[in-house]
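In the two assemblies presented below, chain A is common to both, partnered first by chain B and then by chain C.
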Partner chain A sequence: MKKIALANMNALYEAIAKDMNLYVPIDNKASVNYAEWKQGDTPVFDKMTVRSAKDAFFPQCENMSTFSRDDDNRIIIDKIKLTEKDFVVMGIRACDVKAVAVLDKVFLSEPVDTFYKARRDHSILVSLSCSRPEETCFCSTFGIDPAEPKGDVAMYIVGDYAYFNACTDKGEKFLNGVSGLLENANDTDVDAAKAATREIMTKLPLHDVTTDGWGAGVLEEMFNRPEWEELSSSCIGCGTCTYVCPTCQCYDIRDYNGSNGVTRYRCWDSCMKSDFTMMAHGNNRTTQLQRFRQRFMHKLVYSPTNNDGEFSCVGCGRCVAKCPVSMNIVKVIKTMGGKK
Partner chain B sequence: MQGLEKKIKDRAIELLESGKVDGIIGWEKGQFIYDPTPAVFTKETGLDNFCYNNFCGANLSKYLVGKITSDKKYAVLLKPCDTYSMNQLITEHRVNRDNIYIIGVGCEGHLDVEKIKRNGISGITGVSVDGENVNVGTIYGESTIAKSDVLLGKCEVCRGNAHKISDELIGEELQTPEASDRFEMVNKLEAMTAEERFAFWKGELSRCIRCNACRNACPACTCRVCVFDNGRSGIDSKANASEFEEQMFHIIRAFHVSARCTDCGECSRVCPENIPLHLLNRKYVKDINEFYGEYQAGEEADQRNPLVNFGDKDIDPTVISDKEGN
Partner chain C sequence: MCDNKISTNEALIPHVAKIINVRTQTHDVKTFAVVSSVDGGVMFDHMPGQCAMVSIPGVGEAMFSITSSPTNTAFKEFSVKRCGILTEILHGLEEGDEITVRGPYGKQFPVETDFKGENLLFIAGGIGIAPLRSVINYARANRDNYGQIDVLYGARSSSDLVEYEEMTKEWANDKNFNVHVTIDRAEEGWEGNVGFVPTYLKELAFDNNRTAVICGPPIMIKFVLGGLIEMGFNKTQVYTTLELKMKCGIGKCGRCNIGSKYVCKDGPVFRCDEIDELPNEY
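Our next item is the complex of A and B:
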């Protein structure tokens, strides 16, 4: 384990940003979000970001190719260059690290998503051990230990120091690159802080949320539950929950027809929206009940059914905090879970 | 507030039991104190989970739009400011007044949990209002903040405790918060140069994630299919493909609801990125007041708004060029 005095963190940011892009949580006075670190920025590590770290690998909107005509009127297809520069995302909580694993499973299995893969290949995840979980947190429901995050390097902020532990070879190499700024430390230096976080977790209001009743193979019994009607009646059909979610991965591909040719881009889509998966024959989910059910069935039933029991919710609590009408996955889990 | 909650609950049970209404649109308890969910209560569901506390800021009037073809009768709980929206919906024939029973509920201003959290408070386990102060209990300790600092944006400019439409009132004697000048920020924006103003909106709107929460919560946005969701419109979009687009969505929306927007503040309340969207609408409210005389959308049902009520004293459209884009 290595450490650096918090007072010297700026030197660390500078050293990283010299060769790589560095993304950290920044408070823009209205909300906290990941942004590229610039000289003078002070990252905010004690607040949850509104948007998750998935933006770094799967941005809300990205161009995929452009189409234009040459002088002979032939169509020219230009592919968009893939990410080539290494970048560091610092301050990712354990829940979001797990979320990246969920996304990896989707985008890195065949057929591999080349845009996503390029970003993942060039990324270094510096995770952050939670010290002040919020009331909306329920990562422990999904077996995540917020005190011991994974990623390439795990970071712990304790007292006046930030501690670092490499978790992968990539992480080891990264720490070696900035070793001049780091001092040696003992693994045990952060033990008390980890224990304190785990203790807090047991006191959180959502600590007793369980996935009982949900999981692989319960499609038939959950799909037709009458509770969907009441739960979905509050939903206003916006995409907030899906866009702040670190594991929501649906996107649409569209062509932008501009005066200088066509740009093909993809952008996040949301199963909560009325035009989601719109096809020539129309939409296969025509009511908000169906759309609402899709989201939670995906997270809590389809995903574990297809991925060895792995849920695609990580309990980060963003949708709990941000839903305009406070209708969220915790209410869904609790309303139908555990009772058959 | 607890006394009022009980009064409302008792009356709601009475209405359901007597068969006067088939459902009550109100607020249901959440996981915490600050997250009540709009919900429909019926004889079957009962009212055990009903709540009316300091976090019932949501405007329930829009939930009636989806019930317009229903043959059931619903009672809806509306705070004074929500009743403007109800009048506007009635004016636009977007709800079926005959099947709605409006219960005006008293209000002493609702709180914004985002503002509480912005004060560095997390791990919230309880919130109670004690006169001018708000006491917040958290797993990390207790905090006290001034109520005026954590009121919802819409409550800072409260238009008073008068319900503009109702079939009965409960707790109407509650005192609503004292209002500040609602055009203060609009005045500031108007005083800026065009470049400064552009920079202001670019900074705010660049955070937009196009979740459409503002549109979907807006009681004035009642199109069956929004032009931005309609594949045949040619301008449908699911994301901000450019800086231009993120401005276009919001400005078009603000124009579309101008003179119909009651300034209920739902757009800014629901924005996950805390963008002050209401300022766009409020600018149009102010312009309309200046151009056509004081006008409040939803003041009463069936009034004609100045933009559709042509008169010989209407302002000359050249005012736009005279103002040089300001």
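Our next item is the complex of A and C:
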């Protein structure tokens, strides 16, 4: 384990940003979100970011190709250059680190999504051990230990120091690159802080939520449950839950027809939206109940069915905090199962 | 069932394709033959039942079944019914115009496995003949691999029949190959059968010693499947295709997700007993 005095962190950011892009949680006065670190920025590590780190790998909007026409009206396709520069995302909590693993299963399975893969190949995840879990947190429901995050390097902020432990070869290499700024530390230096976090977790209001009743192979009984009607009745289909969700990966592909040709881009979309499944000849999910059910069935039943039991919820609690009508996945889990 | 790996590392970037022929099938269906604009080839290999994303840049992109058989190595064909923004503009295109195509996507009909050695019964309604035509012509090109072939095809009127000439002049002349055509309502000059496809199916009273493949409007599929079950067919002998909204074609954008399946990569071809395991949302 290595450490650096918090007072010297700026030197570390400088060293990283010299060769790579560095993304850290920044308070921009409106919200705390990941942004590229610039000289003078002070990262905010003690608050949950409004949006997860998924933007770093799967941006809200990204261009995929451009189309133009030559004088004979023939189509010319120009590909968008894939990410080539290494970048570091620092401060990702354990839930969001797990969410990246969930996204990997989607985007890196055959046929591989090249845009996503380029970003993953060039990324270094410096995770952050939680010291202040929030009352909306329920990562432990999904077997995540917020005190011991994974990623390429795990970071612990304890007292006046930030501690670092490499978790992968990539992380080891990264720490070696900045070793001049780091001093040696003992693994046990962060033990008390980890224990304190785990203690907080047991006192949080959602600590006793379990996934009992959910998982692979329960499609039929869960799909037809009458509770969906009441649960979905308040949903206004705004899609906020999907945008703040670190594992939601549905997207749209659209063409922007501008004066310099056509840009084909993709952007986040939401299965909660009424036109998500609309075809020229009809729509297979016409009610909000169907769309609401689709989102939760996907996270709690379909994903585990396809991924060896892995849920595509990590208990980050963002949807719990942000839903304008206070409906959320915890209520869904608990209404139809999920309690000891 | 089939290797749906995409060999290029750019699953979402299309090929530029040139339209080399447009056949007007009906008042709202045209069949476009396309080749690569780069080398005049077929762009990629496919198997019957697989689909491709067809696009006019700036207008949109949508999934269409590849109606030509893989045994046609000169070009690929798409039969397109005019029913939305993209298809409306596609219908205005002519020979020499360019579009983009990417694919192939999805699973094929099991023409080299489960279908082999079987008698085949194809049942289609309207534009539903498009995906089946690929299988039918594949089976005709590999005739010894299959037994008796019957095609039951129906449309609203005689002017809505797609590939009518090919099925009556070419398919019907093959050995051990029968074509049964029906239209919904009687018309002057029409000497063939009149009546809905499910009704005609019962009248034709096929034995259940065959594999059935259905494609058409959902309501037709429902009644045809019911009819086949009554006739003694098991759901494991019946195949159909599902159609849901698609954007990526590679099982990631989430639109065609139904149950734990993605129609673009786990379908569009499903055996009817597999469909029973999906939620009733198609």
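Here are a few things to note about the model shown:
FYI, the second predicted complex is superposed on the first by the 334 of 340 C-alpha atoms of A that agree within 3 Å, B and C clash if a C-alpha of one lies under 4 Å from a C-alpha of the other, contacts with A are read in each partner's own complex, and residues count from 1 in each chain.
As a convention for this text, contacts are C-beta pairs under 8 Å (C-beta built on N, C-alpha and C of every residue); 3 or more make two chains touch, one makes a residue touch a chain.
What you see is a predicted model; the values in this text were computed from it and never measured.
When both complexes are superposed on chain A, chain B and chain C sit side by side without a clash.
In the superposed model, A:142 lies in contact with neither chain B nor chain C. By the document's definition of touching, both partners, chain B and chain C, reach A:278. Legend: residue contacts after superposition of the two complexes on their common chain; A:79 is shown touching chain C, with no touch to chain B. When the shared chain is aligned, chain B comes close enough to touch A:239, but chain C does not. Of the two partner chains placed around the shared chain by superposition, chain B and chain C are both touched by A:269. Working from the superposition on chain A, the chain A vertex angle toward chain B and chain C, CA centres, sits at 90° in steps of 10. In the overlay built on the shared chain, the residue A:255 is in contact with chain C alone; chain B does not reach it. By the touch criterion defined above, A:67 lies against chain C but remains apart from chain B after alignment on the C-alpha atoms of chain A.
Of all C-alpha pairs linking chain B and chain C after the chain A fit, the shortest spans 8 Å. Residue overlap on chain A between the chain B contacts of one complex and the chain C contacts of the other covers 252, 269, 278.
Residues of chain B touching chain A in their complex: 28, 30-32, 35-40, 45, 58, 62, 122-125, 138-140, 204, 207, 209-213, 215-217, 225, 229-231, 236, 238-241, 269-270, 272-275. The touching residues of chain A, when paired with chain B in their complex, are 28, 30-31, 33, 47, 50-51, 60-61, 132-136, 200, 203-206, 230, 233-234, 236-240, 242-244, 252, 254, 256, 265, 267-270, 273-275, 278, 320, 322, 324-327, 330-331.
Looking at the complex, you find that chain A touches chain C at residues 64-65, 67, 73-77, 79, 106-107, 109-115, 219, 223, 249-253, 255, 257, 262, 264, 266, 269, 271, 276-281, 284-285, 290, 294, 297-298, 301-302, 305-306. Within the complex, the chain C residues that touch chain A are 4-6, 9-14, 16, 37, 57-62, 83-87, 97-100, 243-245, 247-248, 250-255, 257-260, 277, 279, 281-282.
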